[in-house]
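As written, the chain order gives the labels A, B and C, with residue 1 at the start of each chain.
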Amino acid sequence: MTTAAGFTLGELAAALGVTLEGDPARRVTGVATLESAGPEHIAFLTDLRHRDAARVSRAGAFLAPKDAGALPAPVLRCATPQHALIDLLTLLHPPQRPPAGIDGTAVVASDASVDRTAFVAAFVVIEPGAVIGADVQLHAGVYVGPGAEIGEGSVLHPRVIVRDGVHLGRRVIVHAGAVIGADGFGYTPGPDGHRKVPQVGSVRVEDDVEIGANTTIDRATVGDTVIGRGTKIDNLVQIAHNVRIGEHSIVVAQAGISGSSRLGRAVVLAGQVGVADHVTIGDGVMVGAQSGVSADLEAGRKYLGTPARALMEAKRVYIAEGRLPELLRRVRDLERRLARLDGVSAEEASRGE
Amino acid sequence: MTTAAGFTLGELAAALGVTLEGDPARRVTGVATLESAGPEHIAFLTDLRHRDAARVSRAGAFLAPKDAGALPAPVLRCATPQHALIDLLTLLHPPQRPPAGIDGTAVVASDASVDRTAFVAAFVVIEPGAVIGADVQLHAGVYVGPGAEIGEGSVLHPRVIVRDGVHLGRRVIVHAGAVIGADGFGYTPGPDGHRKVPQVGSVRVEDDVEIGANTTIDRATVGDTVIGRGTKIDNLVQIAHNVRIGEHSIVVAQAGISGSSRLGRAVVLAGQVGVADHVTIGDGVMVGAQSGVSADLEAGRKYLGTPARALMEAKRVYIAEGRLPELLRRVRDLERRLARLDGVSAEEASRGE
Amino acid sequence: MTTAAGFTLGELAAALGVTLEGDPARRVTGVATLESAGPEHIAFLTDLRHRDAARVSRAGAFLAPKDAGALPAPVLRCATPQHALIDLLTLLHPPQRPPAGIDGTAVVASDASVDRTAFVAAFVVIEPGAVIGADVQLHAGVYVGPGAEIGEGSVLHPRVIVRDGVHLGRRVIVHAGAVIGADGFGYTPGPDGHRKVPQVGSVRVEDDVEIGANTTIDRATVGDTVIGRGTKIDNLVQIAHNVRIGEHSIVVAQAGISGSSRLGRAVVLAGQVGVADHVTIGDGVMVGAQSGVSADLEAGRKYLGTPARALMEAKRVYIAEGRLPELLRRVRDLERRLARLDGVSAEEASRGE
């Protein structure tokens, strides 16, 4: 986590466009967490809940919001600490661009098109008709199937598999082991068992999408499975055939979306969420972790639970569930008391006759 | 999604054995969804809920059931549209058979047996004693461990891993990144931490099984983990050591089956279902998405929920859960009213003394 | 499951340090389950619930606890059958050590350091600055990123990916397809969509850890994601950036742990458990399958459910949930009876006036 020469705080303040409180000549060589930082590090306080950890940190400097109060070392004060942190990390750890060229061990079909600025690592396979754009990085063991296209500036980490005909847009990042374009899961009952429905469609991943490690995105039966521009998908996510996800959505780890479902723009599915098939989720919906979505969800609202309910309602249900054993006792008690009363009033009634 | 020359509707009707309403000379070159089809496409209406989309479709022809009503272009009318669709897709997109032969980059042990009709792609590894049957396809980067057997006509997509001693039957399809035969997860507490139980068994996958991308099927501790004939397994499924799944079952994405559990014939586990260890699930059982199965399930029934309950009961529980906050209020109200009444009848009672 | 010559029961009793009841000259060549064993096998009865299966087993010998009663063949009686089984399996199936050396197809950076006792298989890639320790096994297609370190005696199964700077301790086992060190999932909302937070940290896996097939462990944003000594992780598990897991913990298949959460020592997460971000789970906690943990959990206790509750409470809630539809009916009934009573007492009351 340490770069060779580092930067002075003055240099950092200038580069990040933030205010420095303290000695501009002080030098830091890396960024570290509040707990692990030493005098050679700059630590970051982006969440004020960690202010106590900051006060006892040994960091040589801090990146902190304007309202973070006094800190035990020079502070780079910023209005948007999350963005300043991105700038700082990028400055101290500039992304590595491997050199252009095709490794001698790669197997590239003679009629595939590979831009001369692309990086093609060891044991990459590029099948006939595939098109690899400018500045693309295909790391070790990547497989690009027949006719697949990888747009400009995309980065495919080791062992990513892009099957035939899949289209990735520009600046797409795919993490190791992800599989894009495997057959969708479709069968029809027949006399001799399940009959496979050929999956002749493909997958279209738009610009600036990121796809996590070992995630699977299936090809459409007919047409395309679509991941909209700017959408970010975490690890071990399953996206079934003919799903369409809108722009700038977020799908957290181990979530699964069943066939033909539609997610709008800026949807957030938290971890381990399941979405049934043929469901429509409106723009801006947020679905809490482990929820199960089996019906359409209205745009702009938050949902939680299995089955997914409006967030506040789901929380009320969760709380009420915790009181269920007590509720059972209370109802039993009511029944006993009412039986006694019924007895009493039966007496009253008989007396009254 | 378009083939070069295509077919006339007359040719398609004859090939599919269905009735044509309209011009037999009209030509289509591909199949498309109702929404995306143009005049060069045949679209399919297999689910009558999409009839409205069909009525406004620009498709040049339709594949539709007999009772689908009038449509705006020639129609191939069929009794079983799902099966006709499979035939149509197969006709327009005949499966590609790569040529027999072993790629020059593949590493094949001298004492492995590879049928001369098999296709062995770049960077495949075939370890000593492995047996590769006729017409098998091993795509780029597949690994076949020592002594493993791959039956006739099986297709292993890129980077599939079949570990030592695993047996795959005939016509098995394994999608990219799946791992068959990793060690089961077994430990015994010892003085220095968890002691690993050697996993010396293997995996037996019977004929006509399909296994999804990045799915994992562990080898048995002793004996075999078994996947029965015709069973279809989706992506990212976990199947633990010594599990046995019967014939023609369906396991949907991200489901997990714990050690030594038994699934009968024609069982369906929907997405993200979890099955505990040493559980027996009877023939024909259907388990709804995200359910948790921790006890044996009776053959022929449908189950849902965590813990899994009979479907109708589970639905009643789900509905009742949604009414829980209201129920709490109603019980509180009953208690108040009863307290008042108790007061009244206490008075009555005292008056009566 | 059968070794060539096998062992006499006398040899096995001596090697395992257990008592033999029966003929010491009898020979077995393999170990098998009670159901599948033949006269040439030794079967094991480690769980007394399977005593009936043992009584009808055709096994040539048994490994059984002292209190297992009479069995139909010679018995190796032992105090700790789980440990004796490990010894027996190891004896009959001694672990295979592939020969030291680097396969001719492997691509090893000139400045990587590979111990001369290490085994490096076909199509392995070792990037610049990586360090491979003594007796390490890197099976086919393993990728070791720039500057990564693999400690002495570790075994990486085919296609494992260890990204740049990741540190694996000694005797670590990583199963096929696992990805260690992919980017954590971190973004900040920006004017043009989600802005990626550079993930410049790494992963530290301590000694004697085992990691399952296709599991993903993300690198930290800054600092390290840490897997403590002796911890065992099953298949398809997701461990997010900056998670820290203590020593000797167990994480079962398809569980997921969100960013920056901390697990103590000897924690057990059962299958498909989800842990939210920034949660702390105390030493020795056990969390039941499919639970959702969104708040800190107290050391030494058992939890279950979503949201996770103390085990006994969760079981009471599960039982009460099953009675919810009945409870609704009972409350309706109470309301009706009380309404009648209210009527009665209203009369009483009016009469009393």
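Keep this in mind: a residue touches a chain if its C-beta (ideal position, glycine included) is under 8 Å from a C-beta of that chain, and two chains touch if they have at least 3 such contacts.
Everything quoted here is computed from the prediction, not taken from an experiment.
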Proportion of interface numbers common to chain A and chain C (over half same, under half different): different
Cα-superposition angle relating the copies chain B and chain A, to nearest 5°: 120
Centre-of-Cα separation between chain C and chain A, whole angstrom: 24
Junction residues of chain C, two or more chains touched: 105, 123, 141, 159, 177, 214, 236, 254, 272, 290, 321, 324, 327, 331, 334, 338, 341, 345, 348
Interfacial residue positions of chain A with respect to chain C in the complex: 1, 31-33, 36, 44, 82-83, 85-86, 89-90, 92-93, 95, 103, 105, 121-123, 140-141, 157-159, 173, 175-177, 208, 210, 212-214, 229-230, 232, 234-236, 247-248, 250, 252-254, 271-272, 289-290, 318, 321-322, 324-325, 327-328, 331, 334-335, 338, 341-342, 345, 348-349, 352
Contact set on chain B toward chain C in their complex: 105, 107, 123, 125, 141, 143, 145, 159, 161, 163, 177, 179, 182-183, 185, 187-188, 190, 192-198, 200-201, 214, 216, 218, 221-223, 236, 238, 240, 254, 256, 258, 272, 274, 276, 290, 292, 294, 306-307, 309, 313, 316-317, 319-321, 323-324, 327, 330-331, 334, 337-338, 341, 344-345, 348, 351
